[in-house]
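Here chain A shows up in two complexes: once beside chain B, once beside chain C.
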Partner chain A sequence: MAAIEPMEQFLVHKVVDLPPIPIPGLGALDMSITNSVLFMLIAAGLISVFFLAASRRAVVPGRMQALAEMLYGMVDGALTGAIIGDRGRPFLPFVFTLFLLIATLNVLGLAPGGFTVTSQLAVTAALAVMTFSIVLAVGFARNGLGFFKLFWPSGVHWGMGVFLMIIEFISFSVRPLTLAMRLFGNMLGGHVVTYMFASFVIGLGLFGLHGAGIEKLGLVGSGVSFAMIVALLALEFVVAFLQAFVFAALTCVYLNEVVNLDHGH
Partner chain B sequence: MDVTAAKYIGAGLAMTGLIGAGAGLGILFGNYLQAAIRNPSAAAGERVWLFLGMALAESMGIFGFVMGFIILFVKV
Partner chain C sequence: MADPTSVAGAAASQGAGGLPQFDVAQWPGQMVWVLITFAVLYVLFAKVFVPGVGGAIDAREDKIAGDIGEARRLRDAAVAQADAANGEMTAARARAQKLAADAQGEAKAAAAARQAGEDAKLTQTLAAAETRIAAARAAAMAHVRAIAIEAAQAMITRLTGTSAGAGEVERALGNAGRTARQGAQV
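After this line comes the complex of A and B, so read on.
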């Protein structure tokens, strides 16, 4: 019986070998196309093709255009519009891109033989640090040094305020970490749990087939595990979209704090 | 104690973080449902915050889960 290796599916390996490119001061940079890069390219290609097909600008939208308009309307209405308000319109392309990219990568990972790019901490950390940097840049560009008012709670005694300011500052600083870990953990966890149930199907099935008497109950366990996989996969599709939505929504919440700093929204 | 045994015990203990996540999610959805039944017209507007709260509550459990996996699978 093959060993159960739940983490093997997350290994990055090279698909196309390309020569390393030397970069002065950094050393050689490996430019090989790995399975992670491959699936990011597929996701980018899928999104591009989808919007090329959808952007016919018909007055009565076809199926593709209706889907694209629905996605756009959801991000515009429920995320930037509802959370940031009218001032959120300039950030719509960024939030929409994040949402689409993460959702596509998550769903591609659920396809048979697919590689989940968002289960790599390096990828989610890069996305989170990018979001955090944009929040910092927008905050300082819009408010200048008034940005630091963000940490000062209004309407409390100054002694308590100093204490709360430290807590606010810490919770602000760990945001990129929590953003990255949330997406990474959800994707990793979902795939590992599905893998474990898949290994139960084979393991218990073989046990039941070769056993005698009460050991035949292994077949029942195998069937139950199979039903669990079907249910878990349905849940994983929900989680794939929900985590993309949550990432985009948190980006909006963080942007809202710095964009509407001077007047509460 | 054997190092492997200690690793398994540690990973199991790290999973206790999921207790809090489960309780938090239960409180969250229970309260949302109660509010939504009392005032159905206001329910749709608060759904974004429901999912946001769900993500925040769930992430605490996910951190515990990731800790368990680090204990189990990261080679020191």
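After this line comes the complex of A and C, so read on.
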């Protein structure tokens, strides 16, 4: 019986070795193609091919174009348009890319033999810090030092205001952490649980096959576990889409705060 | 777990259940790669995909709006033409009715004029006939006197055997005729 190693699926290993790039003062940067990088490239390739095929600008859309337009309509309508409003259009490419990249990486992780790039904390942290940095950059570019009004609650006594400002500042500062941990945790947890049920299917199944008498009940456990995997996988597809949507929606919420700081708050 | 190509393998097995994701040695490469991937995709989306898909949607909306506008314009033109045709029809009908009425009036007038002509001719003929009749009657009446005198002479000759002169008879007849006429008048 194979060892139960639920974390093995998250191991990063090199696929193509590339010479490290020396960074002055920091040491060498290993840019080798790992399985993680490989799946990033696969995702980027799939997205590019799909959208190249879908960008035919036909008046009567084919299937690909209809799907691309549906996604466009969802991101434009439900994310940037609904959350940021009229000023959301310039952020459409950013939110669209974020949503599609995360969704594709999540779904590729569910494919047999796939690697879940979004279950790597390094990846989710990089995306979260990038998003947070862009929110900060947009905030300062649009409002200058008026950006700090974001932390000042309106209509309260100044003593209370200072207290609330500290809380607001803390909650703002932990955003990259929560953004990264939410996606990482969801992907990690789903895959570990699926792996555990899969190991039950085999473990209990073998136990039932080789056992006698009451031990035959292991086959029932194996069947129940298999049904659980089917249900969990269906749930995981929802989670894969939903977590990408949540990441994009939160990005829009954060952008909305700094873009519409001068009115409506 | 004994994967020779795995960098994190050793660390994970040493860590006894530690997550491979916390192996910081794997972080820089993945972070840089995901940012590169994202940047490339972002440029593609900003420059190609979003304008492409959005442009197709906008072009379709423009086309639909244009087609609806064109259809509305054509319908308005058709309605205007139908109105014009109706107006022309009404005018033509009025003209035709006027023409018919005029013709009828003319025909009536001509008939009346002809009738009047015929009437006048008839009256003239009637008058001429009456004049002729009167002349004939006068002539006849003049002969009646001579016939009466002859008849009276013949009767006198038969009855008396003597002949009476025409002058005497005529006188007698003249008296008788006068008294008879007077009696008739009374």
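Here, the second predicted complex is superposed on the first by the 264 of 265 C-alpha atoms of A that agree within 3 Å, B and C clash if a C-alpha of one lies under 4 Å from a C-alpha of the other, contacts with A are read in each partner's own complex, and residues count from 1 in each chain.
Methods note: contacts are C-beta pairs under 8 Å (C-beta built on N, C-alpha and C of every residue); 3 or more make two chains touch, one makes a residue touch a chain.
Bear in mind that the values here come from a model prediction, so they are computed numbers and not experimental data.
**Student:** So, does A:188 touch the first partner chain B, the second partner chain C, both, or neither?
**Tutor:** Touch status of A:188: both partners.
**Student:** With the two complexes superposed on chain A, say which partner A:131 touches: chain B (first), chain C (second), both, or neither.
**Tutor:** In the superposition, A:131 touches no partner, neither chain B nor chain C.
**Student:** Output check: A:178 vs chain B and chain C. Expected answer is one of first, second, both, neither. What do you get?
**Tutor:** first
**Student:** After lining up the shared chain so the two structures overlap, which partner does A:242 touch, if you call chain B first and chain C second: first, second, both or neither?
**Tutor:** Only chain B; A:242 stays clear of chain C.
**Student:** Of the partners chain B and chain C, which touch A:7 in the superposed model: first, second, both, neither?
**Tutor:** both
**Student:** For the three-chain arrangement built by superposition, which of chain B and chain C touches the greater number of chain A residues?
**Tutor:** Looking at chain B versus chain C, the one contacting more residues of chain A is C.
**Student:** For A:253, decide between first (touching chain B), second (touching chain C), both and neither.
**Tutor:** first
**Student:** Have a look at where A:83 lands relative to chain B and chain C in the superposition and call it first, second, both or neither.
**Tutor:** In the superposed model, A:83 contacts chain B only, not chain C.
**Student:** So, A:47: does it touch chain B (first), chain C (second), both, or neither?
**Tutor:** The answer is second: A:47 touches chain C but not chain B.
**Student:** Can you list the residues of chain A that meet both chain B and chain C?
**Tutor:** Residues common to the chain A contacts of chain C and of chain B are 7, 184, 188, listed in rising order.
**Student:** Contact residues on chain A for chain B in the complex?
**Tutor:** 7, 78-79, 82-83, 178, 181-182, 184-186, 188-189, 192, 242-243, 245-246, 249-250, 253
**Student:** Mind listing the chain B positions that touch chain A in their complex?
**Tutor:** Checking each residue of chain B against chain A gives 45, 48, 51-52, 54-55, 58-59, 62-63, 65-66, 69, 73.
**Student:** What part of chain C is in contact with chain A in the complex they form?
**Tutor:** Going by the criterion above, the answer is residues 1, 3, 5-9, 12, 17, 19-23, 26-35, 37-38, 40-42, 44-46, 48-50, 52-57, 59-60, 63.
**Student:** For a test of understanding, state which residues of chain A touch chain C in their complex under the given definition.
**Tutor:** Answer in residue numbers: 3, 5, 7-8, 10-14, 29-32, 34, 36-37, 40-41, 43-44, 47-48, 51-52, 54-59, 61, 65, 68-69, 72-73, 76, 92-94, 96-98, 100-101, 117, 119-123, 125-127, 130, 184, 188.
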